[in-house]
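Each of the next two complexes has subunit A plus one more chain, namely subunit B in the first and subunit C in the second.
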Partner chain A sequence: MPTVTIDGCEVKVKRDATILDAARKAGIWIPTLCYHPAVPSEATCRLCMVELDRGEWKQLVTACNYPVRRDIVVYVSSERAKKARRGVMELLLARAPESQELKALAERMGVKGTPYPNVTDSQRNCILCGLCVQVCEQIIGKAAISFAGRGAERTVAAPFRQPSEDCIGCGACAAICPVGTIKVRLHKEQQEVEISPFKSRVKLLVCQECGTPIVSSEVSEQVLRKSQIDWQEFRELLRLCPKCRRSQTSARLRAASVYK
Partner chain B sequence: MTELGIKRFSSLVELEGMREKLLNSRSASAKSIHVCTGPGCVAKGSFKLYEIFCAAVEGAGSDVQVQAKCVGCHGFCERGPIVVIEPGGIFYQRVEEPDVAEIFRETVLGGRVVERLLYEDPNTGKKVEKANEIPFYKVQERIALSGNGLLDPTEISDYIAEGGYTALAKVLSPMTPEEVISEVELSGLRGRGGGGFPTGRKWRSCRQAEGSPKYVICNGDEGDPGAFMDRCIMEGNPHSVIEGMLIGAYAIGSEHGYIYVRNEYPLSVERLKNAVAQAKELGLVGETILGSSFSFDIRINRGGGAFVCGESTALMASLEGRPGEPRAKYVHTVESGFRGKPTNLNNVETWANIPHIINRGGKWFAGIGTEKSKGTKVFSLVGNVVNTGLVEVPMGITMRRIIDEIGGGIRDGKRFKAVQTGGPSGGCIPAEHLDARVDFEELTKLGSMMGSGGMIVMDEETCMVRVAKYFTDFLQKESCGKCTPCREGLAQMLYILDRITDGEGQVGDIERLEELGGLLEGTALCALGKTAANPVISTIRYFRDEYDAHILDGRCPAKECRGLFRYEIDPEACNGCGICLKNCPADAITGEKKVPHVINQEKCTLCGTCWEKCPFTAVLKV
Partner chain C sequence: MPEDSEIIEQIVDRYDGDDGMLIPMMQDLQAESGYLPADQLRCLGRHLRLPLSRLYAVATFYSSFRLAPKGAHEVTLCMGTVCYLKGSASISEAITREFQVEPGGTTRDRLFSFQAVNCMGACAVAPVMTVDGKYYNGVSPASALEILYGLTKEHVTADKEEQT
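What follows is the complex of A and B.
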């Protein structure tokens, strides 16, 4: 097992673990945005820069995807590494000035605001880390959203920037978004769930007893298909909200006079 | 191929036999008309010239031994269309359709030279008959381009007759893959696509990498604006690239090759496809090549149409059918590249050098150039020089010799200001470094780079801040947008540069640009972003006073940035003709006929109409 020396602290990790894995094991914090254990690291945000000692020279590398293959020495809190992370954060703050999550992370890093104006906003408050695109395709299996455009024009969008027909309204993208830009909105009157800013809308399954929205109808279909349960009673239960399901179950039990 | 009287070579002996037969069939007195069909000459109508020559050949009857052939770019594009008559190598330039009959009658049939179509040496005023006597060619040393201007790129027999595929034969007869790699290592050849990585070492790593199949790829994406080196090799001598790849594949242990050609190069695709098909027919590509146990197939793919697709990992993603975006290279492509398999990628020019290295030996190649940069390099020389075109020079030549001797100096008697090398993310080198030697290390030390061989010469009337802005704008548009520093950083840099050229620069802008440059270099994901600040950083380094003039004095010293200079009429030169007055859209010019006119600076909108229209160049930028 190779040893990683981070800021003087030694940890052993499996071959091909990343510097970030090693740092977490050693209890050393490295800020990240586009990293998520559920999907492969694309290292797009460049926030997790650390300095790798190569003997004759030192190189900035991204901790989230640099594979450890031999003993290495890494600096997380060297001036150069801190400056690089600060620089990246300042650019991100200029791009997504309204994100509270981003501000909080910047504060934790000791970055106070940005000297840069907002000059790119192909997608408001989005840092284009790509986690939503990855989770939709690789975990949910839908690819309802993808990147469109190049350079400063890059955005995340459904094909032709229209509401996606493939979106099942699961909200995984919103859950994984590190800057809180993707939101799940419920439209009670229309009984629809909307994934913003992609404008995709999906019908909600509503409780047949009380009318409370339960979950996106497409999600429940997908769950049924994936779990391969086609059991009438189960389907019945799915039509009720948890509250109604509980009261119905207890009513049935009562009727069966268990407590008599 | 029935035309060659042979179906398929099943041994080296058969290939040699064919070469002898081809050479014997050429009679010493037979004339050959070489019409250049490089991109520059084609743009000036050389295909039509070729057709007319063909008709003339046909009309001459069978007792006249003459053939017309299209050949690859000669390089002297400034003087195109070019026609060379062999034997004798009589070099005609700026040939037009009506000249064809005269050339045919006088030179081809009569053996006389048509003086007026010869090149005139501007230094001596003398007419020059042969290419190698023209200053443009004298300083050059052609290896990668040696077949250009000589071979018909559509005919494999031409390539074979000139010694083509002997290097492959040599490799397949007594050499082990190990020996091939050692020879390439000995040559000191470094990648011509930009990075300058030692080719032999790359091959060795790929050979040693675990996994199969292994892939060999040729990078023909050539996305640099204004560059056409690789194009001219692919279109002018496609078999040299194919032969190089065959040798590389043999050395590495690969059976599958791809050539990734820039989408805007349909003729390159056509020529390469044709060449691969011909080589296949003769058993030079495909299964059991030349009767050996070595097999190698080549496919031609069209590029994704973006500059970044030329980057190695983006290219491989694009070949796999995914978006052409780079990925981290902490695990090298020689280990895990195309389809996750060991992949060796080299540039067109790199491949084209290989047959020569095998034929003449690594030691010969290493004898050319500097300590760490061996051999020659092809450059596309453009901008404000007299002779633009494609040039191949030994490494280590000074920039001054390229610009003055080959390029013929600056156009219109103006003064040199800077030369930009290395493509869009190269740097600008000023006059004080013109005696620097052109090699990988030296150019990097000067804040520029070798890149793939773009060379743009700029005269004194070029605003260096605008130059920096132009390249930053190009790179910002071509950035894939995947990573933060490149996408956001370039946009911020462009924003600042826009401000400066609009006369709204602020104190601190230069420092901010430098800071962003450092950030890009250190943190961007791929080499596009890492090098993207070079144009800005190098112009700040050498032309800081120009930035200062814009920011502090609101003045553009080169008088290119609108609003940062004024127009005035020189009363000495003004003839009072009234043309400016009539054309001024702002009614800002006053003056009586035959009396010097005056521009009312309050009213002037700085549109520049008067400056363009004045027939006496009396309107000055001040």
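What follows is the complex of A and C.
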């Protein structure tokens, strides 16, 4: 097992673990945005840069996807590494000036604000990390959204910038978005869920007892397929919201006098 | 549209249905209709079992793909260093203002597609504009608009002749 020396602290990790894994094991904090254990690291946000000691010279590398193959020496809190990460944070703040998540992280890093003009793009507040695109394609298997355009015009969008036909309204993109830009909006009157800002809308299943919206029927079908539970009783239970399901189950148990 | 899917089947077969050949397929598709219609992209995606978002990403990444039909005429304005210094930016602004068309776009009536390019190799006679391959030297905002309004008339009379 190779040893990683982070700021003088030695930690052993498995071969091909990342510098980030080693730092987490050692309890050393490295700020991250585009890192998520559910999907492979693409190191798009550049926020986790650390200094790698190469003997003669030192190099900035992204901790989230740098594989440890031999004993290495890394500096997380060297001046150069800190300066690099702060510079990245300043650029990201200009891209996503309204993100509370980003502001909180900037504060933790000691970055007060950004000297750069705010980006006023069609997709403001997006840092283009690509987590939403990855999760939609690799985990959900739908690829309802993708990157569109290139250079300064690069955005995340559904095809033709129209509501996506492939979106099942699962909200995974919103859950994984590190800057809180993608949001799930419930439209109770229409019983629809909308994924903002992609404007994709999907019909929701409602609880047969109390009418509370639960999930979209596509999500329900997909979960059934993936979990491979397909008995009638289970399907019927799925027509209820969690609350009604609990109360019905407990009523049934009481009637069956299990707890008498 | 049976014709559409026939064209797409032919194109897909040409490359043995290999989705790695997506870009050549899209080029062939664009050669058929001059642009990439949304329905045809959808159909191509279904044939290759690729998500539409992948095709859209490719179509928007490469500037040679277009998602809207081309105009009847092709207008290019040089924005290279010399032309720029000689005032091509104000020509571009004038065209955008008069015809409501951004560089890279097509006018609403599909009269012309307007493209800004980086150098046409005619710096000595800057600023340069071409219309359907014909060079216009030393244009000014006023003369550029005049040329483009000339197009309008030509287009309209051509249409009338067709009708009669």
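Methods note: the second predicted complex is superposed on the first by the 246 of 260 C-alpha atoms of A that agree within 3 Å, B and C clash if a C-alpha of one lies under 4 Å from a C-alpha of the other, contacts with A are read in each partner's own complex, and residues count from 1 in each chain.
In this text, contacts are C-beta pairs under 8 Å (C-beta built on N, C-alpha and C of every residue); 3 or more make two chains touch, one makes a residue touch a chain.
None of these values were measured; they are calculated from a predicted model.
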Touching partner for A:Lys142 - first (subunit B), second (subunit C), both, neither: second
A:Pro97 touches, of subunit B and subunit C: first, second, both or neither? neither
First, second, both or neither for A:Asp166, with subunit B first and subunit C second: second
Contacts of A:Gly180 with subunit B and subunit C, given as first, second, both or neither: neither
Subunit B or subunit C, by number of subunit A residues touched: B
First, second, both or neither for A:Ala158, with subunit B first and subunit C second: second
Contacts of A:Pro2 with subunit B and subunit C, given as first, second, both or neither: neither
Which superposed partner A:Arg150 touches (first subunit B, second subunit C, both, neither): both
Contacts on subunit A seen with subunit B and repeated with subunit C across the two complexes: 147, 149-150
In the complex with subunit B, residue positions of subunit A that touch it: 42-47, 49, 60-62, 65-67, 80, 84, 87-88, 91-92, 94-95, 115-117, 119-120, 127-128, 130, 147, 149-154
Residues of subunit B touching subunit A in the complex: 306, 323, 327-328, 330-331, 476-485, 487-492, 495, 512, 515-516, 519, 522-525
Subunit A to subunit C touching residues, read off their complex: 137, 142-150, 157-160, 164-166
Subunit A-touching residues of subunit C, taken from the complex the two chains share: 38, 41, 51-57, 60-61, 67
